[in-house]
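Quick one: the structure is below, and I'll ask about it shortly.
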């Protein structure tokens, strides 16, 4: 699979949020303001890339050789949780400015199913090491793009007379649905 | 004492609110949202008339269904929400017309009806009604139908009645869809013609495949026919000429602005010219871009849907970005996407990023000095 | 050469046909004048007369209330009959001195100096004590405007003869009838400010005034007459400066003097000339009384403090019921509820509108048609500011440029949804000023 | 420090117990899972090539199974054709008779649009392929004999082309390796 | 009595999906048919119940510093058990639910209950809480799936229930339909909760 194909596929065609239904909690929760959406997006890209890398190594050098595939879920989730902790600590020490921007979002990512999702999909689709890493990057970018779009739209919705019963969560889902409709345009891309 | 003097004396006493006090300015163009909307309806009429001429009264019937459904739906929602009912502002009528325009005349009656209801209820009123919908309702209605009932909407196109004027009055029955799907739309033919893997496969397997393709290419309507609308297709999008006529009216009335349609169409033209050929860049015939512009919904989309005020950017620069983006996405979807028609999705996708475009193309105030 | 102009703007019907050929008529001393203490930008003047005191025409009745302020003078000969709150043309009730006529017009002593020999400071002092302020609308004390802070060099004076507000023709008539005095006033400004060049900006719909002024400055090397495109708000200070010099006044509260320019109104130039040469205080001005329903639209030279009702009387009956009275021009003027308000130093006109012209509409939803964005001469996003203000997003309003608004009214003029954009923006502007304090 | 060691130990203990439990359950379920998968493939093979009694795996560029009847005669072949459909790969199990004619097909795995492309699993669609040769396995638009699914030309074309290509490949493979095993024991004797 | 309340609160008042907005991903991903919804709901309920029991039992043994990793291990183990069991005995369903079975691990409902309830209450209460939340989760999934399957396929539990000439609104079972259905359902719930118009 070429990088381009992988990118288009992960970002648009099989967008994690709009077609794979992964990472919805942060998608709905952190899309109220554009600034925080960008911060969250960056944090997710970062963690997804790291997670893709490490979980692939674990799968192929620990679980597969020792016939421990049934421990996949435990291993991956623990790895991701540790990774997030570790990343948080490292960023805090090394790049306080970055930590300030991403800090609040990092703990949220542990329970972001997009991260575990990308790891499992990498294994299920038998991607190579490099492909796995790229998939992590692009899936994170895809997540970020829809998150930012959503935040832009929701900032405007704050100033619209949305019916009371639809305010908040419901309208966000309807909006996500309409976004997914627009993203249907990417379905069936032959690249 | 003159009449006036008496009046003035009266004023002098205490009659403070004799004259109405409003904030400035005290002059206005006396336009209204209503007049803007009805002008758009008016501008869509030529396309409708061509549609009726080509496809018979059924085209009118479907349009009327769409409009009635849209208007009733809007009125019902506003009544339920205990809001003033504003269906006479014409915006629901436009939505209804545009939804119907996007389908061929053989579609069953419930197609424009469901499309309009979805467009008005989900596309517009969940967000608070006119002026607040982030995406073009009519296009959402179209995607809803295309995704939900592909067999009725994406099946193909129906031939025109151009050879029998008398057909105009007699074509009221619902024809079976399959009877009418006589050939692929021009866009579908173009699509298969420029799919290299497809062409190669075919040539390998069947020596006479090129001949088949040539026949299909020959069946492409000539550009004149595409321009005047003498082709099969959807009710409102067949005649580029009629659509242009209406758009010129709107431009003259300053209701639509030239930037979006111009950059939209120009981008499609340039990109299809460069990438349209199957033998690499610039290998396409100069005619191909014209096919791309006049066939399908591009004219309708560029002139009436991309220019929808509510869902297009605020600033001039933003409108240029928006137009180019629409054109780019249209070509991408037409060339590599699953649908032969990319206009709908292109506009919807660009609608999504309008807030971001607005944010980044905000004009600098006159005499702008950057913050220190 | 084409006409100079600025980006944005609108083309309303200028409606000047009613009064542009009416020669300036002198309106005699009225029976009663009401002289508000606040006719200008800055601190209100402080009264120095008491009720019952008799005053001559031109006598000081109130002193400047601070550095940015002007003194007020009695505009008739009579007795101070009341000091209290009176209707003000801005629509509110404000402190004013009421003087009732007792005698024939009896002026304070005037002079006729060879004013050319005066030093700039002496000239400035005469302008200051004559109570001259900008007569175009804002009313900034002229003497203050002519004293730029140290380090700011003024190289250009622009005389604003644009009069872009529809209906108004007072400045137009002045340029035709008092052209030489205006030119002299301009020269006084140049001398005081030390400016090397000057422009007189006149809109294209006043070809006779353009010709007249052009003839007059033929021999001057450093004074030019700039013919400007017919477009509103051509006469707004920043737009006028840009059209004449291509210089942009910095936003966020920047002043023209920062780019070396001072703009003065035609009437101001005349008043300054008269103040410097004759020591004549500013007690009268030319006011346009116009409107479709006014039987005899006129340009009247009236005493400051004359009530609008008096002026209307001399213009004959109205042909239809009055529905709205505007003090100033229809784009930026104030609608007032009563004709009892007086003429002030900044009153350029009195416009009467009938029912038909003053129709008001319900505010509808913004359909984002962007007409307001396209016409805004300041490049702002009026519709966005209005929505932000409505939803109290002050940061958003600030970002969209609420504080840069010049309230020209172009946006509201073109808005098909009849949104009171100026009102919303004004609320935002005030709130932002308050927050920044 | 000992506190942290204690924490680590507790966590390790829990993880160890969990692993042990999982290992135990894995031991119970794994054979069933593998058996399920094998059964599924066998069933599919039998559906597409009902004439055959047993199947025999052959490793080649395109791996395939030989279908043998009760007497051990080759009656046909089964193989997987993989085509790129509308939204992902479509895996089709194809049964081929000895005469290189499709006996039957079954779509094993697809992610096409429900109600549209996903209709390619329906018998109305798959039965069309019966008794077609490699040239005929094309959709009508491309000169073959397969009617497309309404609204899902891409899916139909993907399935058809993948089968057609795989059939051509099979032909090559079989021509390269001459038909053997007609009478396995005779061969041995010779 | 209070135990019953502990259970029923999860059905509506504190419904994990509709009220607390937890576990949204599976609510959208596997709600295209009621069968899948029930399968997913069952799997999640099982994990929820078991982890609630175990965690409330172990809560005194686990130091609070490492409680989250411990909870995760416990939950992940049960998830894996469900995964393997379903794969062995409910092969078709397992295939349909796909990666959303392992993803139960990060379903916020379960970790949320472990943290907010089971880690603080006794076993009996935790059992009822687990069952209640599980049923609530399942109910929400089924509610979404009900509309999606009915509109999008004209079926309920795989049985045709609509008139023969009914044209399924396919978009309901596609991705956009999932979002729209959930959004409109949430809106409807709000509308019912506070009856004042709007």
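As written, the chains take the letters A, B, C, D and E, and residue 1 is the first residue of each chain.
By definition in this document, a residue touches a chain if its C-beta (ideal position, glycine included) is under 8 Å from a C-beta of that chain, and two chains touch if they have at least 3 such contacts.
Every value quoted in this text rests on a predicted model; they were computed, and no experiment measured them.
Asks: Where each step is a move between two chains that touch, what is the least number of such steps from subunit C to subunit E?
Replies: Minimal hop count between subunit C and subunit E: 2.
Asks: Among all chains, which one's averaged Cα position is nearest the averaged Cα position of every protein chain shown?
Replies: Chain closest to the assembly's C-alpha mean: B.
Asks: Taking each chain's centre as the mean of its Cα atoms, which chain lies farthest from subunit A?
Replies: C
Asks: Which chains are joined by the largest number of contacting C-beta pairs?
Replies: Answer by contact count: the chains B-C.
Asks: Cα centroid separation between subunit B and subunit C, in whole Å?
Replies: 48
Asks: Report, in whole Å, the distance between the mean C-alpha point of subunit A and the mean C-alpha point of subunit C.
Replies: 60
Asks: Report the inter-centroid distance (CA atoms only) between subunit D and subunit E in whole Å.
Replies: Centres of subunit D and subunit E (C-alpha means) sit 34 Å apart.
Asks: Could you state the distance in Å from the CA-based centre of subunit B to that of subunit E?
Replies: Once rounded, the distance between the two centres reads 41 Å.
Asks: Where in subunit E do residues touch two or more of the other chains?
Replies: Subunit E, residues with two or more chain partners: 69, 73, 76-77, 80, 84, 168, 170-171, 174, 176, 180, 184, 187, 198.
Asks: Enumerate the residues of subunit A that touch no fewer than two other chains.
Replies: Residues 70-71, 74, 78, 163, 166, 171, 174-175, 178-179, 181, 183-184, 187-188, 190 of subunit A touch two or more partner chains.
Asks: Which residues belonging to subunit B are in contact with no fewer than two other chains?
Replies: 81, 122, 126, 129, 132, 144, 147, 150, 338
Asks: Once the touch criterion is applied, which pairs of chains come out as touching?
Replies: A-B, A-C, A-D, A-E, B-C, B-D, B-E, D-E
Asks: Which residues of subunit A touch subunit E in the complex?
Replies: 18-25, 28, 70-74, 77-78, 81, 110-113, 116-117, 120-121, 124, 163-167, 169-181, 183-184
Asks: Give the list of subunit E residues in touch with subunit D in this complex.
Replies: Going through subunit E, the ones touching subunit D are 32, 58, 61-63, 65-66, 69-70, 73-74, 76-77, 80-81, 84-85, 87-89, 91, 152-153, 168, 170, 173-174.
Asks: Considering only the defined contacts, which subunit B positions touch subunit C in the complex?
Replies: Contact set of subunit B toward subunit C: 2-5, 8, 11-12, 15-33, 35-36, 91, 129-132, 254-255, 257, 309-312, 314-316, 358, 362-369.
Asks: Quick one: which bits of subunit E touch subunit A in the complex? Just the residue numbers, please.
Replies: So the residues of subunit E touching subunit A come out as 21-22, 24-26, 28-29, 68-69, 72-73, 76-77, 79-80, 83-84, 99, 102-103, 105-108, 111, 171, 174-184, 186-188, 190-191, 194, 196, 198.
Asks: If you look only at subunit B, which of its residues touch subunit D in the complex?
Replies: By the definition above, subunit B touches subunit D via 150-151, 154-155, 192, 198, 201-202, 205-206, 208-209, 212, 338.
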